[in-house]
């Protein structure tokens, strides 16, 4: 039982990060009906930028803010140059284009930051906390990660429920035509959504980098986990992305703990397949995923 | 496949004639070019084989798949396991033959295609793309899970069944220094020893590229072994990616221009020496033959009733359903066909590499198939052929330019992928028909212009 | 108030509207009636900016509105209640209303909000509920309320009677006509249900195959037997 709880605790930090990445995917899906498979590529790129900032200034906080800004800018660039010009009818094209962006970003990162995997400095203590006579499998850094995630979720919730911009974003996502007739500048709102998602993804990247390493493709697996979480959560639902994201982190931790970390992608795939067979629209959504 | 029989005989025969002419021409060409070119021909034909399935799945049936590299893995592993473990065909008791392994690989592909198609056919675009992305990462990960069966990260070495009599004379006529190529299979024969001798993965993960494929020409030409299985390994105690992944894990195959440890001219000399067995030439004839057989199947399907069904469902599911077509059935059949093609391509790939391993069939391979078919033209089979050539030629072109300009390694290594990525975006935005589609449009416009000029 | 001059709209080779000219004065309801495919919805979509005109145009108080984006046309005082699903079911009643005037100054917006609640008391009662819990009539009231939140000078109503019980249609249209009189609003009403529309309209315009075939008072059109049979089919 203690091991079980230990594994759960150990999965919280990574669950929070998966949740953030899933959140970024959901933010874009809700508004533009595109799953941005380039999201991890953008996050990887901005994390490299953050690493450069950190090396240059020595401050993790400046690096985090830099990543936030860079994520927003990159999100806007990707939307403006790539996704906006894709015909809305060409859904295959939109998916393929996001993979094109992913491949190009990874190659560009390999050119700009050579040398393969690089370590990202630990901003906080990442060893288990000692408390009540034992070492727990959760660190100060995990708390920072969970705290930042919680703050972001809180901020987004306030944005969506309390502000005019948030209302515009929701209206533009649900029914762009009525939103435009109501005076909402939908294309600007969508661009803002891409910026927001870019920033959220960038935070996820900066948070994950210190506990792994950073290389052009080191976030690929994060894309799979985040996608699994977002889909099971319902793709439309922010709450779904967050809760299933954390859940995915816990499951992965349990699987890695009780068997082998290499089984995690297989388990994630099984979860996804099971979900798509049983309830493809996801747990937190009442929209249809199936077309037939 | 049943629909083949319903085709008017004339069309069937004309397809047969077209494919036969192409096959004969390629085999002839294969005899006249130097071994390195033969090797590239083999790779291009292997890619085209898999991409025939992509054209049907992505282009005709409108389902974006990122998992076809993993489906190739199914074919490759089935080929490897059956040819390694079976001396006779089970139940029937016949003498084992590589053809049997190819057939079983095809069956394996069909079975997995049915399963994925069944789950996937009911899903809309992004869900399906995500599912197949999971498959692209998950299936190679499964291979690493059961090392006693699949050889783990290291993969499995194959004794490639070279044609009877073809190999032995080569060994006699060609001395070892002159033709290291021909000699390779001998070294690789003891399956269990080779991986250990050649810098096992556990010790030097970054060397797997060379370790995995032994001394083969191919050593550098497939996605590095650590790339995709790294996905499996990425979960460290903290559940997050660790250091193993190489900068080019998404890298599309054929990352480097020339095999650095083999002098291609040596094999060329061997050729001049007489009727020597040239490995690359054999690889090319195998891949070209498989591509032509699969291409013939594909041609009949695409231009027949089944092709119309796929297009009808892609264009308007409701309308298709109203006219009595089952959309789900149509989508599943596209998956099964493309999976079958991918498995055959995977079996060919396994023989070209004389190796199967999770790294050879990783996400990089899956993505490169998508890139190839999108660039070539996703709407017709010719696009797959152009895509196959492109996947082999473009990196060479980029490397040549990079070599001439003296770019540093990190730029050179990533340049092909940067070009691929940007081209994919450009094609989607400007020319959704890919190269072939643009050529067709261009000629049509020219024709229209000349007609109106008259 | 709203002046439509020689407006033509093409969908590819099909001409949906040809040289339509209509004057919509303030304080009155002007009804455009016609059968299915007469071009009524095209007219509304063009006036609200969802469709680009081929030639001709429309002005509001002298300012050209055609050719602009919908979000700018709203700001010029032209508000459309589109046909059918014109509320956002996932949002609450209150949010649907707020959406209608987000770009406006907060104090002005709040005062309009209060007026809309006075006009449709049922919306005030259901303000925290999701729009998809409302009845059809309530939803139509919400759609009109949302359009009024932009404090329009011109209100465009596209088939408000669609799918509603006759009694509710009458109530809603009478309310609209009172609104036109009391707030000096120019209302352009598009209806397939000619009888109901002509009852509240000062002026009726008959549209057939994209052309204006008759303009007259509501009573004139309602009493023209031939016209009724030829174009309105009842």
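Letters A, B and C mark the chains as written, and numbering starts fresh at 1 in each.
As a convention for this text, a residue touches a chain if its C-beta (ideal position, glycine included) is under 8 Å from a C-beta of that chain, and two chains touch if they have at least 3 such contacts.
Being a predicted model, the structure only gives us computed values, none of them experimental.
Asks: Can you identify the chain nearest the overall CA centroid, using each chain's own CA centroid?
Replies: Ranked by how close its C-alpha centre lies to the overall one, first comes A.
Asks: With contacts counted as C-beta pairs, which pair of chains has the highest total?
Replies: A-B
Asks: Where the CA atoms of subunit A average out and where those of subunit C average out, how many Å apart are those spots?
Replies: 43
Asks: How far is the middle of subunit B from the middle of subunit C, if each middle is the mean of its Cα atoms, in Å?
Replies: Each chain's C-alpha centroid was found; their separation is 59 Å.
Asks: Quick one: subunit A and subunit B, Cα centre-to-centre, how many Å?
Replies: 32
Asks: Subunit A touches which residues of subunit C in the complex?
Replies: Answer in residue numbers: 48-50, 69-71, 74-75, 79-80, 82, 85-91, 95, 98-103, 146-147, 149-150.
Asks: What residues on subunit A touch subunit B, complex-wise?
Replies: The touching residues are 10-11, 13-14, 17, 29, 34-35, 37, 82, 85-86, 90-97, 99-108, 110-111, 114-117, 119, 126, 208, 211-213, 215-224, 227-228, 231, 235, 249, 252-253, 256, 260-266, 268-269, 272-273, 276-277, 280, 289-292.
Asks: Quick check: in the complex, which residue numbers of subunit A touch subunit C?
Replies: Going by the criterion above, the answer is residues 164, 167-168, 170-171, 174-175, 177-186.
Asks: For subunit B, which residues count as touching subunit A in their complex?
Replies: So the residues of subunit B touching subunit A come out as 58, 62, 64, 66, 119-127, 129-131, 133-135, 137-138, 141-142, 144-145, 227, 231-250, 252, 317, 321, 327-328, 363, 367, 370-371, 374, 378, 408-411, 413-418, 420-425, 428-429, 432.
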